[in-house]
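Alright, structures below, take your time with them.
Shared between the two complexes below is subunit A, which pairs with subunit B and subunit C, respectively.
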Partner chain A sequence: MEWKEVWAEAIGAAERDVSAHVPDAVRFVKGIAAARESRLLLLLEAMADGALDQEAIEEELNEERAILESEFLAVRVMAKKAAQDAANALIGTIQKALVAGISLPV
Partner chain B sequence: MTRRLRAAGALLSLVILLQGCAVHLVADYDQQSEDRLITSYEKICRFYDDLSSATPEARAYEGFRERYPEIDTDLRVLLLRQKVRAKNDESVQITAKILEAWEVTRDRHARYSIDPDRANDPYPESLIRFDRAQFDAHFQAAVAAERAKK
Partner chain C sequence: MATALQLLTLARKHLGEAYVLGALAPKANSQWRGPWDCAEFASWCVYQASGQIFGCRPLGGNPDTVDAYTGFWAEDATTSGREIAVGLAAATPGAFLLRRPGGAIGHVAISAGYGKTVEAHSTKRGVIEGAAAGRRWDTGVLVPGIEVRLPEAPVPVPAGGIVLRLKEPHMTGRLVRDVQRALAAEGFSAGGVDGDFGPQTAAAVRAFQLRKGLAVDGEVGALTARALGIAWY
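Coming up: the complex of A and B.
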């Protein structure tokens, strides 16, 4: 097997791994956006109801910030895992080809 | 010939190098962490179900005070579990935020229950719905982070 073919195959394996993770991440981000909109309406409802004093409003807004941070921490895990799987797929493909024997461009 | 030998040597070195070269950016998936997250979430759901089905005046902190430390302990144990796992910073932070949110909720429930203006309904239905939605979001992020490690 030629080195160029091995490299193309390794890149392809990495790309496939990244692509496999993308739909989950997109679904998650869409889901959190929709949930945030619903929560905003619930917050307005609770405020109109007099269910929150000034201190509680500040606490709830802080919590909304914390939720947003957590959601993007989860997205970061998804991105890291995609990068990890892609890198390992690339290394694994090259390693297999090296063991099987390839022609180097020398 | 020398060039071919060098190339073969380079190949061999590369094989050896790549063998110890697995990339590890996130902790491995942990089934127990996910199970504990689901268990804590169930307890919080049940807490809000019970609170919602109680009459407004029966929603005082006193009637629910025993439920708080139980869930608090579950979350602390989960946080410890997350902390001892390598490359698990994101899940540690997410769990710490859930614990903090639970403590803020407990303190506000206690504060509202001794407020004479709120004693007849210390945890209004609209607030139950909002707080429940916030915990849903917290746990969804935590479970998504754990499942992404699979």
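Coming up: the complex of A and C.
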């Protein structure tokens, strides 16, 4: 096999592995947002009813922002797995080609 | 190093045992059967499973006399432990879910994964298998000496509604006045009905929760509000 073909295949394998994890990450981010939605709505209702002062509501919203950021960071774990899979796929493709025999570019 | 399964198996042997706020559990006594409070239960389980003292003071003290507290859990989480996202902790058996005390009383629970917990909950419920959803958590914690396997997909933990609590600046508004009025009607003075959730209101809430057998954290969420007879958000 030509090196260029092997390399293109290796890159393709890595891309496929990263792409395979994207739907999970998107689903997770949506899940986190959905899990906080009811609380955000309740905060807005409380504000509309004058149940809490404006400053208290804004503090709560700031806290929600921090919670969302912290929870979204969990995507890192998924990204790490995706990175590992992609690296394995890329090197694995080259290793297979090595066994089969590669023609290196001159 | 203990596994999460060993930790949870140990914790579940104590389901149904009594909760007493401020109870001290001798960490080296494997025969201890309560009473517990949340931090004592979590620290006792960690010590029994792994031989590690976590969330206790004084540092380097005798395991039978060191005091466990959610504030110490919060400190140790940033030093010898590791903080992780709540959703990740809720999906990780053997991780812990922590609500920092923030000047009052916090809470700590062992995550059983899938959003479930094992925890010393309250006077009324004792040690229970519970759920992370609908409650306020500040962070997840990984404890040294407890081997966990982080899941590929975290579990989003549904949030509860509004939680009035002691924070800076103080929470203010009509809802706080409603709580103060209801507390006064139950015989717990919050130092007046001024609509400002300060230390006196938090103390009155804790006293009310203790009387009712609720989880004593000085915070007013849906459960405490219901016990006070207040419609909630």
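Just so we're on the same page, the second predicted complex is superposed on the first by the 75 of 106 C-alpha atoms of A that agree within 3 Å, B and C clash if a C-alpha of one lies under 4 Å from a C-alpha of the other, contacts with A are read in each partner's own complex, and residues count from 1 in each chain.
Convention: contacts are C-beta pairs under 8 Å (C-beta built on N, C-alpha and C of every residue); 3 or more make two chains touch, one makes a residue touch a chain.
Remember, it's a predicted structure, so these values are computed and weren't measured experimentally.
Chemist: Touching A:Asn88, do we find subunit B (first), subunit C (second), both, or neither?
Modeler: first
Chemist: Between subunit B and subunit C, whom does A:Ile32 touch in the aligned arrangement: first, second, both, or neither?
Modeler: Touch status of A:Ile32: both partners.
Chemist: Counting touched residues of subunit A, say whether subunit B or subunit C comes out ahead.
Modeler: The partner making contact with more of subunit A's residues is B.
Chemist: Once the structures are superposed on A, label A:Ala100 by its partner contacts, choosing first (subunit B), second (subunit C), both or neither.
Modeler: Neither: A:Ala100 stays clear of subunit B and subunit C.
Chemist: Based on the A-chain superposition described above, do subunit B and subunit C contact any of the same residues on subunit A, and if so which?
Modeler: Residues 24, 28, 31-32, 35-36, 38-39, 42-43, 45-46, 50-52, 55-56, 59-60, 67, 70-71, 73-74, 77-78, 81 of subunit A touch both subunit B and subunit C.
Chemist: In the complex of these two chains, what residues of subunit B are touching subunit A?
Modeler: 3-4, 7, 10-11, 14-15, 18-19, 21-26, 90-91, 93-94, 97-98, 100-101, 104, 108, 124, 126-127, 129-130, 133-134, 136-138, 140-142, 144-145, 148-149
Chemist: Could you list, by residue number, the parts of subunit A that touch subunit C in their complex?
Modeler: Going through subunit A, the ones touching subunit C are 24, 28, 31-32, 34-36, 38-39, 42-43, 45-46, 50-53, 55-56, 59-60, 67, 70-71, 73-74, 77-78, 81.
Chemist: Using the touch definition up top, name the residues of subunit A that touch subunit B in the complex.
Modeler: Listed in rising order, the residues of subunit A that touch subunit B are 21, 24, 28, 31-32, 35-36, 38-39, 42-43, 45-46, 48-52, 55-56, 59-60, 63-64, 66-67, 69-71, 73-74, 76-78, 80-81, 83-84, 87-88, 91, 94-95, 98-99, 102, 104, 106.
Chemist: Please name which positions on subunit C make contact with subunit A in the complex.
Modeler: Counting only subunit C, the residues touching subunit A are 84-88, 139, 150-154, 156-162, 167, 169, 171-176, 233.
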